[in-house]
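What follows are several structures.
In the two complexes that follow, subunit A is the common piece, with subunit B as its partner first and subunit C second.
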Partner chain A sequence: MFPRPIEQYNPGARVAYQAVLPVVLLLWLIPLLAVMWFSIKPGEDFTTGNYWGWPENGFQGIANYMTVFTQSAMPQYLWNSVIITVPTMFGAVALSCMTGFALGVYRFKGNLLIFFMFVAGNFVPFQILMVPVRDLTDQMGLYDTRLGLILFHVAFQTGFCTLFMRNFIRALPRALIEAARVEGISEWRIFWFVVLPLMKPAIAALCVLIFTFIWNDFFWAVVLTQSPESQPVTAGITAFNGQYRAMYHLMSAGSIVAAIPPVAMFFLMQKHFIAGLTLGAVK
Partner chain B sequence: MASVTTDTPIHNNDPAPRAKISQQAIAPWLFLLPAFLFFAVYVIIPIFQSFYISAYEWNGLYSPEYRAVAGSEMTDLECTELGNRAARTEGCEPTGENVWTGEYVGFENYRNLWTDPFFWTSLKNNVLWLLLYFLAIPGGLFISLFLNQKVFGMRLYKSLFFFPFVLSQVVVGLVFSWFYLPNEGLLNEVLSWFNGPRTNILGSNDYATYGIIAAGLWPQTAYCMILYLTGLNAVDPEQIEAARLDGAKGPKMLWYVVLPQLWPATFIAIVVTVIGALRSFDLITIMTNGGPGFYNTSVLAFYMYDVALSEFGFRMGYGSAIAVILFLIMMVYIAGFLWKMWRDEKG
Partner chain C sequence: MRSIFKTGATALAAATMLSGVAYADGHGVSGPLRIFSDMSNPAPRAVMEGMVERFTEANPDVEVELVITDREAWKTQIRNVLQSGTADIVNWYAGNRMAPYVDAGLFMDISDLWEEGGLTETLASTQGSMTMDDGIWGVPYTYYQWGVYYREDIFAELGLEAPTTWEEELSNCQAIIDSGRACYTIGTKFLWTAGGWFDYLNMRTNGYDFHMALTAGEVEWTDDRVRATFENWATLIEMGAFIADHQTYSWQEALPFMVNGEAAAYLMGNFAVAPLREAGLSDDQLGFYQFPQIDPSIEPGEDAPTDTFHIAANAENVEAAEAFLLFVASAENQTLINNGDNLGQLPVNANSGVDDDEFLNAGFEMLSQNAGGGIAQFFDRDAPAEMAQVAMQGFQQFMVDPSTLDQVLQILEQARGRIY
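Now for the complex of A and B:
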């Protein structure tokens, strides 16, 4: 193990390490603690300039959060995010299970070329797609709709998912598939009954990753939507920003609410999340 | 390859069932078809369209097409050439179709870019982002080495250190802009303890970009950290012990024994850092919206968006030209990545 395990040092070093750890963590998370702090402070504090100090009239508890939920468009924005994120997650993962299977199992001419096309497409800057995709969405009558965003996200995320799935399937034992073929099982049933059950970890990893990516997407939200009826929460917070200029206590409560779903996803499915982030390249 | 011998002889001259063969030939294409269609429509074709549009001037609109009314003295061509004025011209009627209003300008957009000071500011900032973003890699390595211990609660510590990456960049941007507030920001609060001068980071032409990059480094470092933590798990403990017996330790051990084994993690870290740096759009929009002044913190990704969907009329052609430049820069990295993958595939 590197660095040398702390147990092998003298007890003093061990205690020091354990003491330093929480301090470093607090320093690292200061920005996050700041939002949490803001979100429980009363609004007057910000008009009187008491940004970081102890609130003079006590804490607000969840009052700011209640205001965000009852007196702003936040619930609608959150709902939009769910409606956009969940179908995208299923769509992209379903499509890439199939592409991953096709590219990982079969040997045919153009296999690598198609694979590289998906990989390259996944890395292109969004801006090279912006004008045509916005135009296409508009032409289909889907501008400023959640469906317009979903369709694009499914298509774009398929690139990344294919990269991941194909490499995962590549690492499965081929003998299994060969054996199924000898038994005379059709290709579709091999996919469904032999390979798909083995892909569960990869599917879980991609689901959490795609969920987080899409939930946090901001660029496409502002390019393809503009009204509170269809905008996701990332675009919604900035609208909030204008609605309550300098209402820090509400903006911070809103930010925390917006951050909860991906954070919960991460903590619940940590192992899968990290497996996905390392692109499966680092075991 | 070891040959397999079985009791039952294999009939080599038995023809494989015809249906089976063709099924195996067709199946991959059927599996690929839906995703390929999606990807072609939304990713592949738009790339070429952007190249095409970059040779035009286009405001993003379509206009109704006109034709001559049968029996009038106008011709179809005349009506078309009148454009929107045809609506008020007798003898012309709308066909019900809409036509693209782009005007061919050749390389004009690119020539304009060459003399556009905001383009150069954006490009310069892109270089700055690319260079400084790389700090996330040693930063992540450093934190991962610090955390690679087995003490009580370590798992939770690791997840909490990773936390910033899960937050949306919008939230990160908001938080950091509060941190930098000219008077009440925490940064100034802390500086004032040391009698430091009050600074307005995001309002300053000199520091604003650095302030935004610092905000971006926070989640990016967390990402690199998790890559290295996973990598450190896989480092061969026997090699480490052997090197230790040979007297290697500290930085020497890190450089000569550990880092080479971490190469896969480093490679992914480089890839995601470059992409993250070139995609920096969210933070700039949230924190400064390109300001202070005209596009002082802009990067190509931001400038392209701002030009194409400008409040003062859409300039899709000019925007596409910027996108093409950004794409070509990114293509260098994509080509490198593909080249490495290709080499790995060939073994």
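Now for the complex of A and C:
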């Protein structure tokens, strides 16, 4: 069953809960805190073994972040991420609005079959697709280009988005659409003027979700791209590793920078994000 | 004497450079040239792109098509690229790593180019590692030395000198241990660091040729000579020469022991110098010595991993490819791409200049004058990848518990029977 509210437990359990909670919280946050801490420490601290202590020669947070922005390809990587994420977001959401409308509104033979095919795509582990997709991209001349990544992400994300949109449209009152039909409005205009405005909350939620998914994608970024001209920031962070050495401080600073856009997106659009996670689940 | 130390080298360098260009011009090279490179890390990538730019400037009729592949991925792709005939020039490594492609006839024998281009003079230190089956199969473009980096100040405090013989080594080490330190730091978490120790101990105990035969799978791992190597190693381990719990550290995580004075030395490649300096060790505190001899009758062999360019056997534009290889190996280019702003390693051309750096100079001198045994490429390059993995795991196990030697050697011998 649902957990009982903590207030209803006996006092002993409540005290134990309050004592353990901060410890567990800290334990969970240690990796994140470590990255933040390392990102403001000078590089030599990792060679002197001073991982957790106060840096002897002062913090180098500003220098580290300056290095990330001025002496590495980080701005290029960030820009690549934007170029990859935004079109993917629009592409996948636009396509799934249309597929969702078609599958949700029209009754035709094979409707369910097509819908299942979209859904089934979500259940294929993408590691299985790695080799064929890489070969396909290579043969199409799109290997190591941003377009290759965009096209693949749009194709792959549309499955999930369609599931989401179709269920949302199914939940809309059918009477609205039928009323419009009685008025003799063309199907295209029903989609554009009746259904689409009603889908705004779903579109917003989906945009936030897809943005976060794609921005955080590491796997396909590594499989399909390899030069600074096309790699997004998640894959580009490894560029701070030399051939022999790992630059922990710069990698940490880079990770923080790379994490800011999705985190900012989350806080700005928190309402939609949570709606997005639950919307698909209700139906 | 192929010393480079600045004076006089300039004239030679200029001459070599001119002859290189003359050779290229003489053939009037032109047409497309397809280069597949694995220089994918940021600094090497910039070097590769810079070389193509300068080569194209000097040879405007050549259209270079450069494909840079991820360095790790390249190890599995090179065979496809060579077989499919899509490349004129490829990057690879010297030594035994060339063997699969030399045996399969995928690399072009460029012995003539070495003769005509004067490379047998200028690249003499690496000629051995580029030679196989009486052919020369490519040109190197960079390498770096291995050796013992040590804390001069700790040695001075204890009244020690850098050792040159095994006896000095052992007595030094005992003195260091008595002062409450470990002689050597090492982090064997990723195994390869232990491979370095085995390379040196085996090359000093049994010689370069034996070491090469062993890594080529021609000698049994249970051979008494291999056991002798491990005995020397066990001597060090049992006296407490290495830091404790080394199997939990990466090579970088083992650096603090040396910086903080808990260990006096580190057997490592020259890339260890930069982080040690950043950590505040001055050149007065930090020194370098060649791994001491064990058997005085054996010429010292050295580890110096060498990166190379090769011409594909089915290359379409051989003349342009040869011109590019000469350009890469020229003293001027070697000086430039190996300086501190670029690769920060050792140039392979004896007429090149080396940055005025204590350790680069020491390495250059050691490799060009005091590596009579030969230049090895490092254990995981000399042995096949699968064998190297098994063997280095064995080395780590042995370092943690020397009493498992018999078991380790059995595993290695079985692996040898299966892999070669």
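The criterion applied here is as follows: the second predicted complex is superposed on the first by the 247 of 283 C-alpha atoms of A that agree within 3 Å, B and C clash if a C-alpha of one lies under 4 Å from a C-alpha of the other, contacts with A are read in each partner's own complex, and residues count from 1 in each chain.
Criterion: a residue touches a chain if its C-beta (ideal position, glycine included) is under 8 Å from a C-beta of that chain, and two chains touch if they have at least 3 such contacts.
Just so it is clear, the structure is predicted and the values come from calculations on it, not from any experiment.
Participant: I want to verify the contact counts: of subunit B and subunit C, which reaches more residues of subunit A?
Facilitator: Result: the larger residue contact count on subunit A belongs to B.
Participant: Let me test your reading of the model: by the given contact rule, A:227 touches which partner, first (subunit B), second (subunit C), both or neither?
Facilitator: second
Participant: Just subunit B (first), just subunit C (second), both, or neither: which does A:5 touch?
Facilitator: Touch status of A:5: first partner only.
Participant: A:44 contacts which: subunit B (first), subunit C (second), both, neither?
Facilitator: Second partner only, subunit C.
Participant: Between subunit B and subunit C, whom does A:73 touch in the aligned arrangement: first, second, both, or neither?
Facilitator: After superposing on A, A:73 lies in contact with subunit C but is clear of subunit B.
Participant: Figure out whether A:24 sits in contact with subunit B (first) or subunit C (second), or with both, or with neither.
Facilitator: first
Participant: Touching A:54 in the superposition: subunit B (first), subunit C (second), both, neither?
Facilitator: neither
Participant: Classify the contacts of A:108 with the two partner chains as first (subunit B alone), second (subunit C alone), both, or neither.
Facilitator: So A:108 only meets subunit B here.
Participant: Per the contact definition in the header, classify A:262: touching subunit B only (first), subunit C only (second), both, or neither.
Facilitator: The answer is first: A:262 touches subunit B but not subunit C.
Participant: If I apply the document's touch criterion, which positions on subunit A are contacted by subunit B in one structure and by subunit C in the other?
Facilitator: 49, 241
Participant: Applying the document's contact rule, which stretches of subunit C touch subunit A when the two form their complex?
Facilitator: 40-44, 68-71, 73, 252, 255-257, 259-260, 269, 271, 274-276, 278-280
Participant: Which of the residues in subunit A end up touching subunit B in this complex?
Facilitator: 1-7, 14, 17-18, 21, 24-25, 28-32, 34-35, 38, 49, 51-52, 95-96, 98-99, 101-103, 105-106, 108, 111-112, 114, 116-121, 123-136, 151-152, 154-156, 158-159, 162, 181, 184, 186-188, 191, 212, 215-216, 218-219, 222-223, 234, 237-238, 241, 248, 251-252, 255, 258-259, 262-263, 265-267, 270, 274, 277-279, 281-283
Participant: Name, in rising order, each residue of subunit B that touches subunit A in their complex.
Facilitator: Spelled out, the residues of subunit B in touch with subunit A are 20, 23-25, 27-29, 31-32, 34-36, 38-39, 41-47, 49-50, 53, 60, 145-146, 148-152, 157, 159-164, 166-172, 174-176, 178-179, 181, 183-186, 189, 218, 223, 226-227, 230-232, 234-235, 237, 240, 244, 249, 253-254, 257-258, 264-265, 267-268, 275, 278-279, 281-282, 285-286, 300-301, 304-305, 308-309, 316, 319-320, 322-324, 326-327, 330, 333-334, 337-338, 341-342, 345.
Participant: Can you list the subunit A residues touching subunit C in their complex?
Facilitator: That would be residues 43-44, 46-50, 72-73, 226-228, 239, 241-246 of subunit A.
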